[in-house]
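Once you scroll down, you'll see the structures, which are given as structure tokens.
Each of the next two complexes has chain A plus one more chain, namely chain B in the first and chain C in the second.
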Partner chain A sequence: MLEFLKAHFWHPLTHVEFRINRSDRWFAFFSLTPALLVTILVVFLPLLYALYLSFNKAEVMVVGGRGSVQTEWAGFNNYLYFLKDKSFWQGVRVTLYFTAVSLIIELVLGIIVALVLNQEFYGRGVVRALLILPWAVPTVVNARLWGLIYEPQSYGAMNGLLQSIGLTSPDNAINFLTSVPVFQSVPILGQITSWIGSTSAINWIILSDTWKVIPVVALLVLAGLQTIPIELYEAAEVDGASAWQSFWLITIPMLRPMLLVILVYRTMELFRVFDILYILMAYTVPVVAIRTYQEAFAFGLFGRGSAIAFLIGLFILLIAMVYINLINWEED
Partner chain B sequence: MTNQAKKRLWKRRLSRVGLYSLVALILIWTLAPFTWLFLTSISTQAKLNAIPIQWLPNPPTFEHYLAMFDPANETGKLFLAAMRNSLLIAMTTTVVCLIIGVPAAYALSRFVFPARNIIIIAMLATRLLPTVALVVPFYIIIVGYIDPVVGMFDTPHNLIILYTSFIIGLVVWIMRGYFATIPRDLEEQAMVDGATRLEAFWHIVLPLTVPGLVTTGLLAFLLAWDEFLLALIFSRTPNAFTMPYFVFIVGSSQYYQSPAAVAAGGFLAALPPVVLALIFQNRLVSGLTAGAVKG
Partner chain C sequence: MNKKICVTQPTLTRRDFLKTIGLTGTALAGSSVLTACGGKFSTPTPEIKKDNTITLNALYMNQAGYSEKVLQDIANRYIKQSNTPVKISYTFVKYDELHDKIVTSAAAATATFDVILLDLIWTAEFGRKGYVVPLDDRITAEVKKDIVPSIFSAFVYNNKTWAFPFLANFQCFFYNAAHLDKAGFSAPPKTIEEWYDQMVALKSKGVVKYPYIDSWNQKEGLVCDYVRLAAQYGGDLFSDDGKPTMDKGAPLQALKFMRQLIDEGLADPSATNTDEPGAMNAFVSGAVTFNCNWTFVRGNMLNPKVSKIVADARVGLLPPAKNNPQPAGSISGFQGLAVMANSKNTDVAWDFIKFATAPTIQSENLESEFPVWTSVQQSAQAKKVNPDVEFYATNLANAHHRPRVPNYQQVSAIIQEEIHACLLKQAKPEDAATSMVSRINALES
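This part shows the complex of A and B:
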């Protein structure tokens, strides 16, 4: 069951049979140094610098094309500011909502699509090849593309579609990307959606974002499905298991490592979402990445920007640690 | 035919119908939005404003595409610059990442040395760390300290360096997996026969990993092509801005002309990655399986 993860993600020291000799030591040194230098200079030092900046009030002055940086020690003020800021926590809730809902949709529909594609039908190869298309569309183009579809006029594609099937009338074009929370007319549900920040806009944007990701999740799951030996299902059938039972008792457990990897990667991708929300909604959906960008580059508050940036980095690294530990733990 | 057999036959036919409807649904859902982008791009303004909605442009117009490739046109000038920058930046980033990352991946897959696991985890971390966590320090370092000495802001080489930061980890991570599948006996045999480590790596291991190199390079290229946040912050002029930045400004700034122009720009920006992905579909899926990359 763990062959997949073992083969691709973890090579314990015990698997390396031969010891390093003197000439190999130089080879290893020269082949690793450039990559390490780049990583330290372009990733880890900037990250440490972000930590330093987050304890400062930092400003950048650009005069005649020449920039200069002023910093002033601020202690924990930047962090305290966010802890006390209600709109920041609203942003955290929206980010978590976006992440969780997208993740569930991607996994459930991804598995369903993969199960369909795992059947034999005419033209299967072509359908499978075409499924990679949405994933290859750049995120910025994806944003623009759905912006056109959600056009709040009767000539927009989504409005046109709803009108063609008679759900809405041409006089009342729907504005999909509004910041009004959904279900406002339902008493308790309406309060919950306002608290979470589940607006009409974010829900439609989740649809567009999942459009891009579901097919590739399906292709990955399909690759996993094809490694499951058919004998397992035959044996289950002989034992009188229903299709539903063999799905939960064979398919899901066999896909577990693959699903775990998808889950972790997607969590990290979704938590940092920026492009599509910034392009379609500017600053009106305050997910953490947009808030960071806004504090630093719209308000010029680089200390505060660094504080959130560092918190996001830390959070993502924590997920990564959990993930690495999970793999180790499953191996024991 | 007995009643029982008839029933079974019908059941099978029905499940076939169900299966094909599901496949059709998946296919329509996957292709419709991108098709709409293309249809919009070849529409006239009159067709776009028609109520009730007119699905097919009649007659189609290619004026927006022609404008993109016309250097005398304002939008065309920006488009051509963005296309040139994107090709330059994505290709250079890919080559740099492969040159630096592949030897490192090989060393990490073959040798045991102190801190090896720490390096592996650090490489994974660079892959996972969101760009937004690094943009603020990047900006201050570049604008405040580097730019006054050497020109960095709004240059292609700046973006190449920054893109390397998040793509190198991916290259090391995936290539390490490919090297692990190559049996060590091959190099050991060559080295017994008198080849040095470098020769064994260059003449024996590397040719065997060509499929892996292609896949990894392709993923690196696609990631670099797709990047938006860094391009948004670190480019201002046609000197450095990339296709995603172009698609952004053509839809929402003083450059905005019409939905059809935005669609044409978007379609052209999506064309290189979409064509590459369709050609190398199988390779990409196996590469993604190995690295479970981006979304």
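This part shows the complex of A and C:
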């Protein structure tokens, strides 16, 4: 791990060319100080405190009219508790499922939308502006909105729509957010979906979450598309390349750096998904962020809550390392 | 791979920057001098009054209980009559967020909230961890005498009282009389067995697709319904010495009955992701015949703005099993008002609680909530406003408590997970019950 970090993040000063003099360097440092102080105060200190808590049995107490977190050294017990806990690993699987499926849908649909918006058509500017609207909806509002849409009774919006087009009847309202694994009754498939936590609820929630995020993915891809020189397509056309060949051999390779940025950004976001799942399903979908919140705030076990938070950080670091390798492979 | 970082000379030099800072500083200093001299450039300085107004921050839920309007009215009236200049600022959250907000408030050196709504299940946890102030030296014997002992004792832990009763919340049996009439029944069921027969008839005669709905999503409401059904079968989830007993007797019968209702299509399968307001919505829309729910349903089912069954909606006794000698079986959801121990305004906070929980205030809001005071429950006014007061009183008298243990949140989470898995047909009732017991025992050890 240390070797990896050294190789990718450590650049000795001897390899850095500075063309600013010593006094200007002090000036630069002086200018950065306020931001640095704020970062230390609101990021690094809480992080260190959380790390300290993760090695303690910690709970909130009020003593003498003053609230505080009381600690008792516990070593690695909090970490071991989760590593030995089957339900924690089930949570990791559900989180990976949510992340992977959401990423695939977001990327595929985001690229399709971006390709359409990259074409010339009447009203393209308006469509591009309107596209960003779902992204502007706050996550909590988005969750409540989809909660109304997925209402399991006949008066739910989605059920109403299905009834109005004749696909269901008022007596057969669909229970979208049920926690039953998909294909539960199919022998082997049911066991697989149950193992990875692919329930009807999580799949419909993935739809709700991707609805909000696809616009921003599409806009990022669109930005990438506009940097591809048109000459490449013209040359390909002269060489007799089909549209599919142009897309696969020009567009995708040229978009790869942007796609990697989207992958890294969205993976971080998706792996720690909380809001939409908590609002719609409380603790029913056991992704790791929900478990963290439950341990810390519902059970009042802040040591365990901090430990699981660091485990999530570790998972994200591992995924980031894979992505960084991909980027480096791309550069080489 | 070594990367080269090239930092170019900034276009704004240090000298330029310092010049700008100097000029801005001089200008600011100059303007301050001008202001101090009081010349024509100065603006009149307002006279600063020392404001002694105390702001009480209160945390309440906007899911059930008194409405925001009623609470705001109580606050306004308190402010008018108070000798201390005081402002009251409410924060309304969903019930599920209440506990976590209180814990966060307790973690701060000074509490974010001075007054909180305390559910009886948190009494042991909050009392043990000192989140709230004990109120024993502030409550007189006369006051205690006028409150039903089962309600008052819900807020006692380690021989100390940690909250003052505010909501006499418990579950009642709500049914649609028109549906029963269509199915050929003239009265609501008197026993669980009769209830089951009525549900079968309602379904087979096509009166409704699902006769019953409840709040069986994986939340606290599911534990409440399980405790209530166990009470209907005449038992509790824990023995008197605090040992879990879900794998036998009444609790096991209750779980088997819940699963049977799902298996036979008598309970709406969407109950597994429905909370209490959701279950009430299904009931007042006329989609189902029965709903066992908290007292807030009554106000809604009789409100033509939200209910389609105003003329047909009724309240009754929660039917006990044939072999249960009690006239009903219910679950308590009592909630009290408490003072945060890290509040800086504990005296004013208690003064407000005393006002808000007074019999006069509760007797003015009988439409929405059942009072905690015996004298108000038995008043002619209560009987006039709520003709079902007798049913209410019987359900209340037969309400069972959830266990009051400091690690209740963990116990509840285990019960929720196991029952929910059972209702989703992922575990047999016996297996779910055994697992519940072993996991809870593991917590204790």
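Please note the rule applied: the second predicted complex is superposed on the first by the 290 of 332 C-alpha atoms of A that agree within 3 Å, B and C clash if a C-alpha of one lies under 4 Å from a C-alpha of the other, contacts with A are read in each partner's own complex, and residues count from 1 in each chain.
Just so we're on the same page, a residue touches a chain if its C-beta (ideal position, glycine included) is under 8 Å from a C-beta of that chain, and two chains touch if they have at least 3 such contacts.
Not measured: the values here are computed from a predicted model.
Legend: residue contacts after superposition of the two complexes on their common chain; A:N77 is shown touching neither chain B nor chain C.
Contacts of A:N118 after superposition: neither chain B nor chain C is touched. Contacts of A:A136 after superposition: chain B is touched, whereas chain C is not reached. Contact with chain C, but none with chain B, is seen for A:Q294 once the two complexes are overlaid on the shared chain. By the document's definition of touching, of the two partners only chain B reaches A:L317; chain C does not.
Between chain B and chain C, it is B that contacts the larger number of residues in chain A. Once the two complexes are laid over each other on the shared chain, residue contacts for A:Y283 go to chain C alone; chain B is not touched. Judged by the touch definition given at the top, the superposed model places A:S23 against both chain B and chain C.
In the superposition on chain A, contact is made by A:S154 with both chain B and chain C. Of the two partner chains, chain C is the only one touched by A:N175; chain B is not.
Overlap of the chain B and chain C interfaces on chain A comprises residues 7, 11, 16-20, 23-24, 27, 60, 62, 65-69, 151, 154-155, 293, 297.
Chain A makes touch with chain B in their complex at residues 7-9, 11, 13, 16-20, 23-25, 27-28, 30-32, 34-36, 38-39, 42-44, 46-47, 49-50, 53, 58, 60, 62, 65-69, 113, 116-117, 119, 121, 123, 127-141, 144-149, 151, 154-157, 159-161, 163-164, 170, 208, 211-213, 215-216, 219-220, 223, 258, 261-262, 265-266, 268-272, 274-275, 279, 288-289, 292-293, 296-297, 302, 305-306, 309-310, 312-313, 316-317, 319-320, 324.
By the touch criterion stated above, chain B contacts chain A in their complex at residues 19-20, 22-23, 26-27, 29-31, 33-34, 36-37, 40, 48-55, 100-101, 103-104, 106-113, 116-117, 119, 121-126, 128-141, 143-145, 147-148, 161-162, 164-166, 168-169, 172, 176-177, 180-181, 184, 188, 196-198, 201, 222, 225-226, 228-229, 233, 243-245, 247-248, 251-252, 259, 262-263, 266-267, 269-270, 273-274, 276-278, 281, 284-286, 288-295.
Of all residues in chain A, only 7, 11-12, 15-20, 23-24, 27, 59-63, 65-69, 151-155, 171, 173, 175, 177-180, 184, 194, 201, 281-284, 293-294, 297-300, 328 touch chain C in the complex they form.
Chain C contributes residues 1-10, 14, 17, 96, 99-100, 103-111, 125, 129-131, 209, 217-219, 268-270, 272-274, 278, 281-282, 285, 287, 340-342, 407, 409-410, 413, 416, 420, 424-426 to its touches with chain A in the complex.
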